[in-house]
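Following this line, the structures themselves.
Next, two complexes with chain A in common: one pairs it with chain B, the other with chain C.
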Partner chain A sequence: MTVLETARPHPSTSRQWWVLTVRIITPTLRNGEVVTLIAASIMFTVGFYIPLKQMMGALANGMSSYAQYLMPLIALQAIAFASLSAAFRSATDSVLGINRRFKSMPIAPLTPPASRMSASMYRCSIALAVSLVCGHVIGFRFYGGLAHTVGFCVVVLLIGAALSFLGDLIGAATENPEATAPLMLLPQLILGFLSVGVQPVERFPSWIQPFVRNQPASQEVYALRALAGDSTPMAGPVSWSVIGPTLLWVAGFTIVLLPFHVLVASRRR
Partner chain B sequence: MLSTPKYDTEKAVVVNGIRKTFGSVVALRDISFEVEQGEVLGLLGPNGAGKTTMVDILSTLTRPDRGLAQVAGHDVMSDPAAVRRSIMLTGQHVALDDMLTGRENLIMFGRLQGLKKKAARARAEELLDLFDLVDAAARLVSTYSGGMRRRIDIACGLVVRPQVVFLDEPTTGLDPRSRQSIWDLVGDFRQAGIATLLTTQYLEEADVLSDRIIVIDHGSIIAEGTADELKERTGGTYCEIVPRHVNDLPAMVEALSSLLPGENRAAMTSASDRIAMPAPDGPATLARALARLDTANIELLDIALRRPSLDEVFFALTADSVAPEASNGFPIGSEPVAAAVDGRNGSGGGRHRRDDHASLRVTDLTS
Partner chain C sequence: MVVASADNTTATRGGLGDERPIVERDFAENSLRRLVPHTWVLTARLMRRWRRDRAAVLESVAMPVVLLVTLHIVLDDGISQVTGHSALYGSVPLIAMVAAMSGSMVGGIGLMRERSDGFLSRLWVVPMHRASGLLSRLAADGVRIVVTTAVILCAGLVMGFRFHQGFLASVAFVFVPTVFGLAFTVIVITLALYAANTLVVEGTEVIWGMLMFFSSGFVPLDQFPRWIQPVVQHQPVSYSVEAMRGLSLGGPVLAPAVGMLLWSAGIVAVCAIPMAVGHRRASMRG
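Our next item is the complex of A and B:
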């Protein structure tokens, strides 16, 4: 009986996590996912910078260049776009029924979601790296030293993790890969444009200024701008009052999502 | 409450008094059965009978409300991890990574089951060969045909040897050739001493594959036995004769005389357009009937042997308990129900009978 001769070894959780992460990464290298990610980061840079540079350049809140002003928003848009794939992937998995299969195998219940998250972080890292290269090309530089530079990257990735966590939930809840894109894109665009990433809050109509100033994308832009620094002092100080709101948004967002994740995961299919 | 659990490591599956409800819907009520090692047990039932829920409980995907379920000597409630290490589950729908190739899927499942990279690769090649998928190994699974998908799906479950296999409607939607290869595989499992629990809607499949069949409907076991025993209970093979002219029916009854038992004769009404009678000798009975009708010079539209379909098995088995009002005048092989349905729909044909029975179970539970 050759069909069934292999004995059962004992699988280790860390290896399973790695195998499941590679499972998601492998197709990204050949189905155009990585190419799209790179293209999107470039598009966000070009699409914001070229049309707005002349108009906004003089008004960049007194910063040294519009590139320096715009960089946080470019990074945020790139990372938000990367988290779209998390939604798509988790929806696809739910539709395929492969999650159900994993549940009937000797795999810890948290391993598949953990591997989806690590694959998301891989996408976010690509998005961040490409957007930093793009930023460099248009003239963005880090002025805050190593610690602040690392801080910039960590904050972007934390935001990416939170958004991917949301994407994962939306994908699992809708079980419809096609429906995930608009659900994820719309808030990204609205929050992106109605933020201080493109222009200072004073340039918005007064009635919407409270929203623009306090919505999460703006808070994140403030934090990232401070961490990136500038040759002028206009980037703002790296302090808890500037960075704190972003960390609280990310933490709060994640905590709010957790019970929904549990709910969707325990839903009977 | 149930008595203390009996852990029987000799049995592949022990199910005792399992009950499961979803909200107010009872999916399974007091189910008990056992599967011996190397035995193939067919769980036969219509959509919504509770088959998948039973498989879900045994593969630790769903927790029963009460009762005991034990797989390969491990309790599904207290030691689900050990159960998961002992089983292979193939669900109703193929569950693979569509974005990977067939080979990549096999290697992934091998590694998930704890095989080292090299062993997983080697095992993948073996399985590709065994399942006749070598040519398609480097193609994405999303490009596979239905039969290929089903084969690679099962192959992925065999990267390591299971002790108990659950096949949940493994041949639904497959072409005859692919179905045959799945059937052959079940034979391999039996030979290897692996217990198989197979769910199916098809009596034929349960008949061909299973050592024993459990018929389940509305969450209850309504019959248990071999395929032959079950068919015996539903009246066995019968012969259906349709005359070209309905007016010939009385003459046919006369010509058939002793071949047509009194109860079938009595079951006929003025609305009947055909005769159905038991065919204990199969083709020989048909030949005899044909000869007699020929001698009587009666022109026929159709004459055929019919084996009881799953619907009919169900109907016969559930007639007393589940749908007594619909069972009136329906000994299998007699025609009043068909005739009545035909009359209502204004067109002939035995197919209506199936539809009619199917509709009796539309109110069923979960899938």
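Our next item is the complex of A and C:
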């Protein structure tokens, strides 16, 4: 007995986090998840660009090409798809009871959600990389120098983190994988179409313009468009008044979701 | 069938005090006389589940309606300038197809859950017609597609969509999405029986997303670059949209309807045997 007591392991939180993260990432390489993620990112590029180029191309607001105009929306759609599918994952985990199992083990309460978040960031990185490659193919270029290019990627990943946080909460709160399915692609398409990512705000009916201009997707499109730059000055300047709203949306979103996460995590069954 | 014959002998074997009800068996479990009532019971079960799972049902109907309104706001100006009539005659059929396809995921996820929690194996040891499990899923999905199409149609009518081809054509309109919608359900069920859980959901979304973007209901055919127009023109969702456009606004109905039926028949022909085999395997697994 004494031998057992002295041999009792003292698991390190960072190691547990790594193990739980790898638990989610490893299957994605085998079961085709990475392939669907890449396919989805390609779909958003070709799906918005090819049908809309001719009809909307003239409306690109003085920018050098419709690809340059559309790219922020493509990146946002790809990242939203990658992160909101966290809802299905965490709902499945909840239904299978693995979260309950983790609660009964010597694991810090924040480790399982942290590992789910880092796995989501892995998915977001893939989506961002693929959509940047696709954007390059259709003619999108960075004009803003290294700092702005890095800023573009960081802002996209921050948005991805906030959306993963939301997706994880939806899944854990509903515990109903069936109910998460309609929440994945349709809402992001709706917000994407109702943003300045496809056409300038002046093209919308006047009654909906305030919503279109101020909803998070539009503010994010403005920020990303400025960070990407353009050969013409129409992309807008990189300033706090352009980037700030996006950062505030992301921060506000996370702060509002935090208590709900704590509530769901501390729920006992 | 082995199960059934073993079941018949229990009455004679039960000598140790376990009394079991002796069920009258007029027909074999796989007789056609059993197929209809068994399928009906299981279909009613699935529809009762949906009625009680309000969140999933509301989302799968409400989201497409919101997307229809959105597409109308964003694309109507551009499309009516190009074609000369309202974009609704393309977008109402398109969204009906999107709702039919995206909603089939709810059934697919339900099937995966019932496989993993053992419900399918439970049904397999019951003297039930072997085809009724799959047929009931298709029947329930058919009902779901007709209902969602009707809701989307009502939203379209409020926004200014009108039938110009008479009463029969408008009734036929409601049933058009069922044809390819059910073929799509067959794909989802087959995927659900073979692939990993998450792949089914995301793969399905990518498939219907591509079919939506590259269809003649999203933007008119001549707005696509010339090299991709044949693909857009001959894919199943475009065929369905064109058939529904013909039934509402006017135009050819027969040619697109034949294309849609050929696509659906092809999909069912390819998937039928893998689906039946996969369902049997999933049912016999612990």
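Basically, the second predicted complex is superposed on the first by the 260 of 269 C-alpha atoms of A that agree within 3 Å, B and C clash if a C-alpha of one lies under 4 Å from a C-alpha of the other, contacts with A are read in each partner's own complex, and residues count from 1 in each chain.
Please note the rule applied: a contact is a pair of C-beta atoms (placed from the backbone, for glycine too) under 8 Å apart; a residue touches a chain by one contact, two chains touch by 3 or more.
A quick note: this is a predicted structure, and the numbers were derived from the prediction, not measured.
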Problem - Touching partner for A:233 - first (chain B), second (chain C), both, neither - result: neither
Exercise for the section: Once the structures are superposed on A, label A:56 by its partner contacts, choosing first (chain B), second (chain C), both or neither. Expected result: second
Practice task
Could you tell me if A:92 is touching chain B, chain C, both of them or neither one (first, second, both, neither)?
Solution key: both
Exercise for the section: Based on the superposed arrangement, let me know which partner A:106 touches: chain B (first), chain C (second), both, or neither? Expected result: first
Exercise for the section: Classify the contacts of A:27 with the two partner chains as first (chain B alone), second (chain C alone), both, or neither. Expected result: both
Practice task
See if chain A has more residues touched by chain B or by chain C, and give me that chain.
Solution key: C
Problem - Touched partner set for A:16, first chain B, second chain C, both or neither - result: first
Exercise for the section: In the overlay, answer first, second, both or neither for which of chain B and chain C A:176 touches. Expected result: second
Problem - Residues of chain A that lie at the interface with chain B and also at the interface with chain C - result: 27, 31, 92, 96
Practice task
Would you tell me which residues of chain B are touching chain A in their complex?
Solution key: 22, 59-62, 81, 84-85, 87, 89, 91, 93-100, 104, 108, 111-115, 119, 123, 126, 130, 158-162, 185, 188-189, 191-192, 194
Problem - Contacting residues of chain A [partner chain C, same complex] - result: 27, 31-33, 36-37, 39-40, 43, 46-48, 50-56, 81, 85, 88-89, 92, 95-96, 174, 176-179, 181-187, 189-190, 193-194, 198-199, 203-205, 208
Practice task
Would you pull the chain C residues touching chain A in the complex into a rising list?
Solution key: 53, 55-56, 59-60, 63-64, 66-67, 70-71, 73-75, 77-79, 82, 98, 102-103, 105-106, 109-110, 113, 116, 195-199, 201-203, 205-206, 208-210, 212-214, 218-219, 223-225, 228
Practice task
Give every residue of chain A touching chain B within the complex, in rising order.
Solution key: 1-12, 15-16, 19-20, 23, 26-27, 31, 92, 96-98, 100-107, 268
